[in-house]
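Listed below are the structures to be examined.
Heads up, the next two complexes both have chain A, just with different partners, chain B and then chain C.
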Partner chain A sequence: MTTETAIFRVDGVTKSYGGVKALDSVMLEAGVNEYMSLLGPSGSGKTTLLRVIAGFEVPDSGRVYFQGRDITGVPAHERGIGFVFQNFALFPHLTVRKNVAFGLMYGGGTVSAAETDKRTQAVIDMVGLTGMEDRGVDQISGGQRQRVALARTLVMQPKLVLLDEPLGALDANLRGRMRNELRAIRERMGVTFLHVTGSETEALAMGDSVVVLDRGRIIQAGKPDDVYSAPASPAVAHFLNRFNLFSGKLSHGVFTGPFGTVAAPQVTRAADDVYAIRYDRVRAQPLGSVADGPALQATYIASEYLGSSVMNFFETSDGKVVEVEHHLSLGAPETFEARQDYILTWTPDQAIVFGQESK
Partner chain B sequence: MESRVLKPILAVYVAAFILFLYGPFFVLGILSFQQGPDGGPQFPIIEWSLYWYKQIFGLTPPSRIAPLPVGEALIRSLVLAFMTMVTSTVLGVMSAQAFRRKFRGSTVVFYLIVLGMMVPGVLTGLGTSLLANNVIGITRHWYTTAFATHVAYTYPFAFLVMLAILNRFDGSVEEAAWSLGVNPWTTFRKVTFPLIFPGVLSAMLFAFTLSLDEFPRSLFAAGGTEDQTLPLAIYGTFSVEIHPNIFAFGVLTTLFSFALLSVYGVLMGLSVRRARKLAMQEDIA
Partner chain C sequence: MSDATVAPKRQGSSWLILPGIIWMALFMVVPILMICYVSFWTQTTFNISSTPTLASWKQFFSSDTYTGALWTTVRIWLIVLATTFAIGYPTALFVGLFVKSKTLSTVLLVICVIPFWTSFLIRVLAWRPMLGKEGAINIILMKMHIISQPIEVLLFTELSVIIGMSQIYCVFMVGPIAFMLGRIDRNIIEAARDLGAGFGRIFWKIIFPLSLPGVVVGAIFVSVMVLGEFATSGALSGRKVNLLGNIIVTQVGSLKWAMASVTGVILTVVMGMVIAVFLRIVDLKQEL
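And now, the complex of A and B:
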């Protein structure tokens, strides 16, 4: 992607707090009309990155560009970048309508009163808050507050909206619904969304592209399915929360781990030797049966019913928990005896092997 | 077990506290209804009357007891308290706002401000009068030198109140306003100020009441008779002889204070409802 089609570009941004680097030479850009999600654990610097782009924080070094213009030193209120807060940060002393109209009324632009009313009403209708206009923001539900926060931002017609864990304060049911709505609203408005989240499912489900951030550095960026099927490092695999990770030793294309010695034809280069196998790729078979390939003896602990699948938890002799997911579409789940030992196995070429020696 | 011992002790303590707080005022209140002009400032009450109240407003025939020379002093004190209130609150809000971000030397500045309420008032008053007379060479007045000492004294109170309020203030609503293209000054007027208004009211109340009955600083810094504030004027009258008219005046000023407190209470009630909305919003986060 070139700079001409990029809506914003972050160029080598570094930001430290008391000697700790929250952002370490971050390079990032997003295209016009794109939904980008930014995934990272808490403390990875994802919120800091968002605040630097919004202009709430000044980077120690590096530049921020927006629509081809260097905005590193431009104050937040002159940037024209929308921001949706996790706690919504609605104006508690104003009604829904006044909250939404706030930017038009007091912002730098000269918008007539009639125009303000028209645009405010249009956005309120779009996010489905019709009839709530004159309520105080304490008289509406969490999901409705989320909509007010979004409407307040969108009414300014920004080209870029930054969302800081916007669904984090909602319950699971509402979160699912708002995910779809966020996508739909974004497509209708044709703006770029940069959505920060700590939830891997949210990041994978919502983004046209996913950026994974860890300890102030971007460790992978790409399409959700690419990131999901080919994590670039053990850390990414760990954040995706879909892989059993085993440490071991990679030597001459062979990985030695707690499950024995397995050939590793494909190796992704990484600092540590780690063997990753997806939860739903692992099978459990009775003790004593012969596994053709890797074999890991583990004790069955418990299972968790997830609706479309069942997650079984096993514990190895050294206390590591291995998760085995069974999709119910593949048939009824096997039943396991508690505190009994089983053999866990999988097809080796479905594993992802990280190591210092790569091919 | 513990509460069986502790509770009666606390009850006695509270009773004693209330007695000492309201006892003197109660006695003054009763004595203000003493018969006049011959009744003195002591029990027993010869006859209940409103004589002394009338005397304050000049509604009694002339007698050997001069009316309280408080009219102009009262106006002076009210104007001074108002000026002090406005100045100290504006300064307090502005400096507390500055303290939301750490800046170099902030600790030193903090102590320099707070020192204003720590230094004995007599010293501040005396020092100010020396400074005005001998160093700068200006005449002392209630609206110049005394005003300066009142601000130096009440400003730290306003500052500390606002500091506590802004400490709990969630700045994300301000950032939200900025991200909507609203400049910091308009954001302050339309978002921050309405939300910190309960604190501003408290700061105003502190500054006003502290200034209204300030004595040691005014004593030295206010200048001559034509510059006397109310506490000085009252003190001047009973250095000769005490009559119940002072008690009647005391009752009236107390009623005035209660009226002021009621206005404060009503305004506070209105804005606390608003603050509760903010608290609810923070609970979600």
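And now, the complex of A and C:
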């Protein structure tokens, strides 16, 4: 992607708080009309990155470009970048309509009263708040508050909207619905969304592209299915929360771990030797049966019913919990005896092996 | 079953208010009714009888001394209110909003309260050596050759009363406003900035409206205290400024109970009206 088609570009941005680097030479850019999600654990610097782009924080070094223009020194209120806050940050003393119209009325631009009314109403209708215009923002539900926050930003017709964990304050049911709506609204408006989240499912489900941030550094960026099927490092695999990770020793294309010695034909280069196998790729067999390939003896602890699948938890002799997911579409789940030992196995080529020695 | 358990419970909790009711009845309701009643008593030079008469009320409104005191009270109240607001609001804005550390803003508020470690009268009297003809301010200004003659208007005038009261009551304005400003979610201000609003717009459309309950509470504190004042005006005006409070003190001192009661009733009515007006501005029930 070149600068011409990028809506924004963050170039080597570093930001420290009291000697701790929240952002460490971050390079990032997103295209026009794109949904990018930024995944990272808390403290990874994702909110800081968003605040630097919005102009609420000044980076220690590095530049921020927006629509090809260097905006590093431009104050937030002159940037024209939308920001949706995690707690919505609605103006508590104003009605829904006045909240939405705020930017048009007091934002420094010259928008006529008639134009303001028209655009405000159009956005209120679009986010589905028709009829709520004159309510106070403490008289509406959490989902409606989220819509007000979004409408208030979208009415300014920004080319880029930054969303800081926008669904974090909603309950699970509403979160699912708002996910679809966010996508639909974005497509209708044709703007770029940069959506920060700590939830891997949210990041994978919503983004056209996913960026994984860890300790102030971008450790992977790509399409959701690429990131999901080929995590670039053990840290990414860990954040995706879909992999059992085993440490061990990789030498001459063979990985030695708690499950024995397994050939590792494909190795992803990483600082540590780590063996990753997806939860739904692991099978549990009765003790004593022969497994061709890796075999890990573990005790069955408990299971969790997730609707479309069942998650079984096993504990190895050294206390590590291994998760085995069974998709119910593949048939009824096996039943396991509590506190009984089983053999866990999998097909070696479905594993992802990380190591210093790459081929 | 629920009826049987809930009913005695409610009865039990309503007893909690009884000490409060007794206290208020004995020390507020009864005295106020008493004052109203006594204001219609007949006063002679050395005696007072309960024969009802309007004489004291007529005397109050026909005498320039008394009506003058009423207007002086209202004027000084308005000036002190404006001064404490003008000094207090920017201070509160700094302490409550611009100081990012909660610890530091608490420390700053405590510093504002330090003058209260000294007794009220000492604080009032301490203004005399400051403002006097040979006082600190005049000496400093003369040493700096800014003035050649001491400024005499500083002490024993209405100005000195206003200066003294503003200093003493300013903190009652700062506290509530700083509290309200401290409660404003910083994200709201950033959201307004993100929508393109500059600081002026953000202040008038977001910060000031959200701090208004604090302004009203502060204004009520200052108003109630200033309207009932007599000590500051007594000590700093050289008896030139008579407030309703001073009239009451003088009348009680010379055992003119009926006149003192009339003044007391008028003062109470004025305070009641002032508080009612302030409560009209902001619905405190909803805001706090």
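Before moving on, here are some points about what is shown:
Here is the rule we go by: the second predicted complex is superposed on the first by the 359 of 359 C-alpha atoms of A that agree within 3 Å, B and C clash if a C-alpha of one lies under 4 Å from a C-alpha of the other, contacts with A are read in each partner's own complex, and residues count from 1 in each chain.
Here is the rule we use: a contact is a pair of C-beta atoms (placed from the backbone, for glycine too) under 8 Å apart; a residue touches a chain by one contact, two chains touch by 3 or more.
Predicted model, so just to flag it, every value in this text is computed and none were measured.
When both complexes are superposed on chain A, chain B and chain C end up clashing with one another. Contacts of A:Ala169 after superposition: chain B is touched, whereas chain C is not reached. Legend: residue contacts after superposition of the two complexes on their common chain; A:Gly257 is shown touching neither chain B nor chain C.
For chain A, the partner touching the most residues, choosing from chain B and chain C, is B.
Once the two complexes are laid over each other on the shared chain, residue contacts for A:Gly142 go to chain B alone; chain C is not touched. Using the contact criterion defined above for the overlaid structures, shared-chain residue A:Phe102 touches chain B and also reaches chain C. Residues 54-56, 75-83, 85, 87, 89-93, 102-103, 106-109, 152-153, 156 of chain A are contacted both by chain B in one complex and by chain C in the other. Chain A makes touch with chain B in their complex at residues 54-56, 75-83, 85-93, 102-103, 106-109, 136-138, 142, 145, 149, 152-153, 156, 169. On the chain C side of its complex with chain A, the touching residues are 185, 187-188, 190-198, 201, 205-206, 209-210. Those residues of chain B whose C-beta lies close enough to touch chain A in the complex are 170, 172-173, 175-184, 186-187, 190-191, 194-195, 274, 276-278, 280-282, 284-285. Partner chain C is touched in their complex by these residues of chain A: 54-56, 75-83, 85, 87, 89-93, 102-103, 106-109, 152-153, 156.
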